[in-house]
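My questions will all concern the structure given below.
Labels A, B, C and D are assigned to the chains in the order they are written; within every chain, residues are numbered from 1.
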Amino acid sequence: MTAVNARSVDSPTSDGSHAPLITLENVRWHVPTPRGLVKAVDGVSLSARDGEIVCLVGESGCGKTTTGKIAAGLLTPTSGRVLYEGRDISSLRGDDFNRFRRGVQLVHQDPYASINPMHTVGATLSAPLRRHGFAGSSSAARTRAAELLDLVDLTPSKDFLDKYPHQLSGGQRQRVAIARALTVEPRFIVADEPVSMVDVSIRISLLNTMLRLQRELGTGFLFITHDLALARYFAWGGRIGVMYVGRMVELGLASDLVANPQHPYTRALLSAIPEADPELTRRKTRVELRSLEIPSLLKLPSGCTFHPRCPQFETGLCEVSVPQLRAPGSTVAELDSSNVHAVACHVVARG
Amino acid sequence: MVAASQSLAPAPGISPLVGVWHAVTGNFVVRRVAKALMTIWAVATMTFFLVRLMPGNPIEQYIGQLIAQYGLPYAEARDMAASLFSVDLDQPLMVQYVGYLGKIARGDLGMSIKSQGAKVSDIIVAFLPWTIFCVGFSLLISFILGIALGALMAYWRDSVLDYALTMIGSLLHSIPNYLIAMILIIFLGVRWELLPIVKMRGSMSPGMQPGFTIAFVVDVLFHAVLPIITYVVTTVGTWMLTMKASTTATLEEDYVSFARAKGLTDGRIRTAYVGRNAVLPLFTQFTLSIGFVFGGSVLIESIFVYRGIGQVLVSAVSGRDYPVMQGCFLITTASVVFANLLADLLYGYIDPRVRVGQ
Amino acid sequence: MSETVALPPSTPMPGMATVRAFGRTVLALVRQPAGAIGLFGVVFFLLLAFVGPSFVLLDVKTKLGKEYQLPSSEFLLGTDYQGRDVFSQIVHGGRDIIIVATTTALITTAIAVSLGALAGFLGGWFDTVVLAIADIILTIPQFPLLLVLATFVRLNNIVLLGVLLAALGWPALMRAIRSQVLSLRQRDYIEAARCLDLGTGHIVFQQILPSMTGYIAISFTLGMINAIFLQVGLIFLGLVPLSGNNWGVMLQLAWVRGAIFIKGGLGYILSPVVAISLLQLSLIMLARSLEEIFNPRLRRGN
Amino acid sequence: MNGTVASAIGGTGVFAPPSRFRLPWSSAVDARVDGSKLPKEVVLSVRDLTVAYRVRRGMVQAVRKVSFDLRRGETLALIGESGSGKTTLALALVRLLVRAAKVTDGTVVYQRDGRAVDVLRVGSDALRHYRWNECAMVFQSALNALNPVLRVREQFIDVARAHGMTNRATAVARTLELLKLVQLDAERVAGSYPHELSGGMRQRVLIAMGLLLDPQVIILDEPTTALDILTQRTVIDLLRRLKEERQFALILVSHDLALAAELADQVATVYAGRIVECGSVADIFYRPNHPYTVGLLNAVPTLSGDFRSLVSVRGQPPDLIDLPRGCSFLPRCPFGTPECEREDPHLVSVVPGGPSIPGAGSHTAACFHAPTVAKGFSRRLQTEQGDEVASPDASAKRGAR
C-alpha cells in the first residue's frame, strides 16, 4: 500500500533489455455469424516482458476481453500468433505446453460467476494444487491454500478455507479468484475488469494487493479495464494500450499516454471521463465527436474505423487506408522492444 | 422460399451460397415450415417401412388371410392387397415408397380392410372433425381459464385462494386423464345418475341433421361435454401453475415496477405489461400440449365412446386394419404438426423479439 | 499453520461433490411441506410394492357368493368379480408398474443426459441432428404412436415395454439437459478450470455434474410420471397382453367386466384408480419441489 | 440544436406549461399537510423516513431515519456503496418498495404551488397522479425498464393516456419532440422495440419519458452505470443542460463519486441506511467531515493532476440485518473511540448553530469526531490556473516520478 511509485524504479520496463515473456503478433478473432462476419479483434500486436504491467483500455465491444482470452490461450486466434517465451503456443506440446498453461492465468470480471458455488474455498484452491503437483497430499494442499489466502490478504485464512462462495462478499470472492490463479505460480495474469463488480470503497485495496503481488512475486499483469483512471493508477510504471472496435489505436507508457494523449479517440475518452473533483471535472474541455454512434462490428467503417466520429477526419485519407500503429519517426518493428508512444492515426503520424 | 432468401442480401465476406443458406435457415417462418414438413415426412416414412419391413408384415398376412379364408388365387389376393394398401407390390421397395409418398400427397390413403370398400380418406374426413372440435375447444377453454386463474394466483400470492388453487392444480395435473374420465362416468353417470351416460355416447344423436341450428349445436355440445370436461380438468392445472410462475417472475421485472412508477393504470399494467409478457413462455408449452392432448383423445374417446379419430384408431389397431391405422396415425400427426406450426407463427407475431429472427 | 495441517483434509474425493449435492437436495426437500409429502408418498409406495408382498399373500381363490363386495373388515378394499380380495391385489400390483416406470426413467435419463450433454458440448452438426430428431419425436403424439408400434412389437416383456417408452420419452428431458449444459458450459468457473488445466474428468465430475444433479433428479421423476401414464393407458386399451397382476390390469378387468355398473364393484374399480393417482401425485409433488429448489425463477424471493 | 431546445421549452407549442395541473388530492383529506411551515422553494421534504423488510435471517434495516429537504431546481446526489440502502430510499419516495418492505416511520411531504401532501399517506388515485406527473423515477437498469413487446411510441402514449392526455396525435408529437431533445433519431426510435436500441439509447429514451409530463422532481438511479464512457458523457451533458433549462429538482442515486461531482448541488453520503454526511458539492469533496466520505474520496483514482497512492476504506460493507452497536461505521473507522460504541451519532451541523436537516445551506455530519476528521483531510485543490495546493502527505508520496 505504500510507495507504489517505487515500482517504476525497479520495474524492468524502463530498460528494454528483457525479451518479451508473451507476445501477440497481429492476432485476429473473426467469428462467422448468420448475420455476417464479426471482427471482434482485428490485428492486435502487443507484448509484455516478465513482471511487466500492461493495461488494455477501451469501451465495451472493443475486443479487449477477447484479446485477453487469446493471450491466456483460451481462444485460438483466427489468424496471427501468440508467443510464450518466444515460441508459438500452438506448436507447444507436452511439458512445454503445460509450462505455458500454468504460466499464464486469467482472473474473470464477475467473481459471482467465476467460482463454482458448490465448492468450498479450500476445495477450489486444492484442485489445481493437487493436479499440478504443487501439493502431494490433501493436507499439504490445505496448508498451501491457507498460505495463498494470506498472500491475497484474506486473513485469518483458516476462517475462509471452509467457506462457500455465497458466504463471501464480492471483494472477498475476487481475492479467492486471484488466489486460485496463483496456485499454479503463474508468471503472467490476465485480469479482465477484476474490480468493476466490486464496491467502490474497496476497489483500490484489491488493486493494491495485485500490485504487491507484482512487486513481491514478479508476476506480470495484463489488466483489462474500461476505466482509464484505474488503468493509470494500476499501470503507473507500465504501459497502457487503448483499443477501439477491434484495433489498438494508441500504446504508450501510462504516465505519458494519460498526460499527453495523441490519438483523437484517446483524447475524446480522456476529456469525457467524469472525475471525482467538482472543480476539475466541470472545467474540463471536451472533445466534440462528429457522431455518437458506435459502429457495429458487423459493418465496420472503411479505413480508420474511428473516422465517422473523428474530429480530425480528413477526406480522402482516413476513410481510405487503415492507419498502422507506429511511433512518429520510428518503424513498426521497433514497437515491442521500446517504450515508444505509438499511435494509429494518419493525421497524428503526419505531425 | 426463393423470395425470402433473395430479400436478405448475403453478408459480406461469406460466399453467396452460404449467405443464401443462412438467409433461408435464418428466416423464422421458412425454418418452421421446413420443420413441419420434415416431421410429416418422417412419420409417413416410418409407417411405410413399419408395414413393409416388420416381421409379420401385414400385407403378407392379409394375402395369406385372403387365400385361406376366401380361397382366392395368390395373384388375385396380391392385387387386392396392393389396392387396399395403396402400393404397387411389383415395384422395387424404393419405387413403392416414392409412389406411396405421391399418393399421400394427393390424399389417397388406401382402403379399409374391415369396412370393405371404404376409402381411408373418407373415414378420416368423417371422424377427424369431431376430434379437432373437441380437443381444440377444450384446449382453448383450458388455456384461457388456466391463464386467468394463474394470473389471479400470482396477484394474490400466499392467499387462501392461491393455496387452494395450487393444491387443486397439482392434484388434477397428477391424475391421468383416462382415470378422470372413468371417475366422471362412475360418479356422474352411474352412482349419482346425474347424466344419461349411455345417451351421451357418440358425437351426436342418431337422426340429428347437421346444420347451423340451435338443436344441432346443443346436441353436439351435449355429446362432447364429458370429453371436454376431462380435457379441461386434466390440463388446466398445468396452465394455472405455469402461468402463476410466469406472472410472478414478470411482476418482478423492472419494466413492471417502472410502469407503476409512471403512474399507469392498474388495468393497463395487468394486460399490456404483465399479462402479455407472462403469457409468452406459455406458448411454447402450448404447442407441446397440443400433441399430448390430441394423442390422449385415443383413450378418452374410447372411454366415452365418442366417435372421433382416436376411437377409429383404437378399433383399427385392435382389428388390425392397417391401412386405416396408418392413415389415422398420419393424419393425427399432421394435425398436430399443423397446429404447432400455427401456434409458433402466432408466437412470432406476438413476441417482436422472435419476429426479427435470431 | 500447524493447526491447519491437523484439520481433516477437505479435498474432495472424486464424486464427493455429487454425493454432497445429493445430500443437500434431500435436506432441502424435507424442509418443504410439498417435498416432504412427495418423498413420503414415493417411499410409501416403494415399501408397499416391494416389501408389502412378503406380508400380504395374493388372493387367487375364487369365492362364489362373495363377488363385488364393498370394503369391509374382512376385505379391506372389497372384492373383485370372482370374490378375490382387492387389497391383496393392490399390494401385489404396484411392483410391475414401478419397475417399468423406473426402467423407463433410467433409460430415458441416461439417453437424455448423454445426448443432451454431448449436444451441448459438441454443438455443430451433432447438436443440429439430435435436436431435429428430438423435435420430430416431440411433435408426434406419443400415445397413437405407441398404439401403432404395439401392433408390430409384442409388449409382453416389462423391460421391453420400458425400453420402448424410453425410446419415445427422452426428447423433452434431453432438451432441458442440453440447455442446462449450454448455460453451464459458458460459466466463468468452467473457463477458469480450463485455464488451470484441471482436466476433462475434473470439469465433468467436479464442476458440471454436481450442478446437474437437480436436473437429473427432476428428469428422472418426470420420466417415471410419463411412463406410468403411458403404460397404464396401453394396458387399459388391452394392447399390452394381460399377464401377471398389476394396477393397470385390475383397471382394465374392472372396466371390461362392468364393475362400474355394480354397486359392490366400487371398491374394486376405485382402488387401482386411487393407487395410481396417489403415486402420480407423490411423484409430481416431488418433481415440483425439486424444481422449486433448483430453479431460481420459481423460488420465492426473500 | 440549441435553437430547437430553447423553442421547445420556452415556446407555447406542445411544451406549454401544463395547465392540467390539478391535484386530485381533495379525496385524501388526511394526507394534506399544513404547508405553511415549509419554505416555498422546497418541493420535497423528507423526515425520519425509515424502511425495513423481513428476510429469513431477520429484519433488514434498509433506511434509517433519513431526513432532507430538496429545493426547486436543485440536484441532490445520494452516494453510497451497494447495499447502503440508497435505492430503497429512492423507491420509498415514490412508494414503489417491494412487497416485503414497509415504511415504518416518517413522512415524505411534497409541495407544489403552496399546497402540500404527505406522499406516504395519499390514496391510490392521488398516488398515481403523483408518480410521473409530479415525480418521475427512472430505474437503474435501463435495459429492462422498457416493455419488450411494445414499441417505444406506444410506451410514451401509455404514460400520456394514463395522465389524461387523451389526444394521440398530441402525445405522439410531444414524444417526437422529446426524443429529439435527447438527441435521438426520433422517428426511428419511436417506431422501434426496446431490443433494437442500444443501452445508451434506451437510457436517453427513459430520460425523455421522464420529461413527458414536466414533473417537478426527477429521480435517477445509477443513470450512467451500464453505459460506455462516451455515451455516459452524452447523458451527463444532456442532464446538465436539461436541468438548467427546465428547472426540475433532481435526485441522483449512484455509487459513482464522479457523477456527483459533475452534476450535484448537494451531496449526501449514505452508509448503512443513513445519511452520514450531507453538504454542498464543494463541502463534500473539499471539506468532508465524516470518515466514510473521506474514505470514499481517498479510494477513487483521478486522471488529471498528481499521481497519488490510494487506500480503500478498510473492512467490508455493513450487514444491514446485524448492525454493529453504536456508530455503524465504527468497525471500518480509523477514528473510532469507546464513545462511538456507546451511541449512534446524530446528524448535526458541522458549523456551530447551522441547520441540522440536510438541505441547501447546511453541512451536516453524523460523527463525534467530525472536527478531527475535517482537520485531517487534505487534498490538492486545483486553482483556476492549474497550480495546486498539495497536501504534505501527497507530496511526500509523489516519489521519483
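The definition used in the following text is that a residue touches a chain if its C-beta (ideal position, glycine included) is under 8 Å from a C-beta of that chain, and two chains touch if they have at least 3 such contacts.
Being a predicted model, the structure only gives us computed values, none of them experimental.
Asker: Looking only at C-beta pairs that count as contacts, which pair of chains has more of them, B-D or B-C?
Answerer: B-C is joined by more C-beta pairs in contact.
Asker: What's the chain with its C-alpha centre farthest out from chain C?
Answerer: Of all chains, D has its centre farthest from that of chain C.
Asker: As a quick test, compute the distance in whole Å between the mean CA positions of chain A and chain B.
Answerer: 56
Asker: Taking the mean of the CA coordinates per chain, how far is chain B from chain C in Å?
Answerer: 25
Asker: Which positions in chain D touch two or more other chains at once?
Answerer: Not one residue of chain D touches more than one other chain, so the list is empty.
Asker: Among the residues of chain B, which ones contact at least 2 other chains?
Answerer: Where chain B is concerned, no single residue meets two or more other chains.
Asker: If you look at chain A, which of its residues touch at least two other chains?
Answerer: There are none in chain A.
Asker: Under the stated contact criterion, what part of chain A meets chain C in this complex?
Answerer: By the definition above, chain A touches chain C via 72-74, 98, 101-102, 105-106, 108-110, 113-116, 118-120, 122-123, 126-128, 130-132, 137-139, 141-143, 146-147, 157-158, 161-162, 177, 180-181, 183-184.
Asker: Flag every residue of chain A that touches chain D in the complex, lowest number first.
Answerer: 1-6, 8-9, 59-60, 169, 171-172, 199-206, 208, 226, 228-230, 232-233, 236, 255, 258, 268-270, 272-284, 286, 289, 292, 294
Asker: Flag every residue of chain D that touches chain A in the complex, lowest number first.
Answerer: Counting only chain D, the residues touching chain A are 81-82, 183, 198, 200, 228-234, 236-237, 255-262, 264, 281-282, 285, 295-297, 299-305, 307, 309-314, 316-317, 381-382, 384, 397-401.
Asker: Looking at the complex, which residues from chain C come into contact with chain A?
Answerer: So the residues of chain C in touch with chain A come to 1, 3-5, 7, 9-12, 17, 20-21, 187-189, 191-199, 202, 206-207, 210-211.
Asker: Name, in rising order, each residue of chain B that touches chain C in their complex.
Answerer: Residue positions touching the partner: 35, 38-39, 42-43, 47, 50, 54-56, 170-171, 173-176, 178-179, 182-183, 185-186, 190-191, 245, 249, 252, 288, 291-292, 294-296, 298-299, 302, 310, 313-314, 317-318, 320, 322, 325-326, 328-329, 332-333, 336-337, 340.
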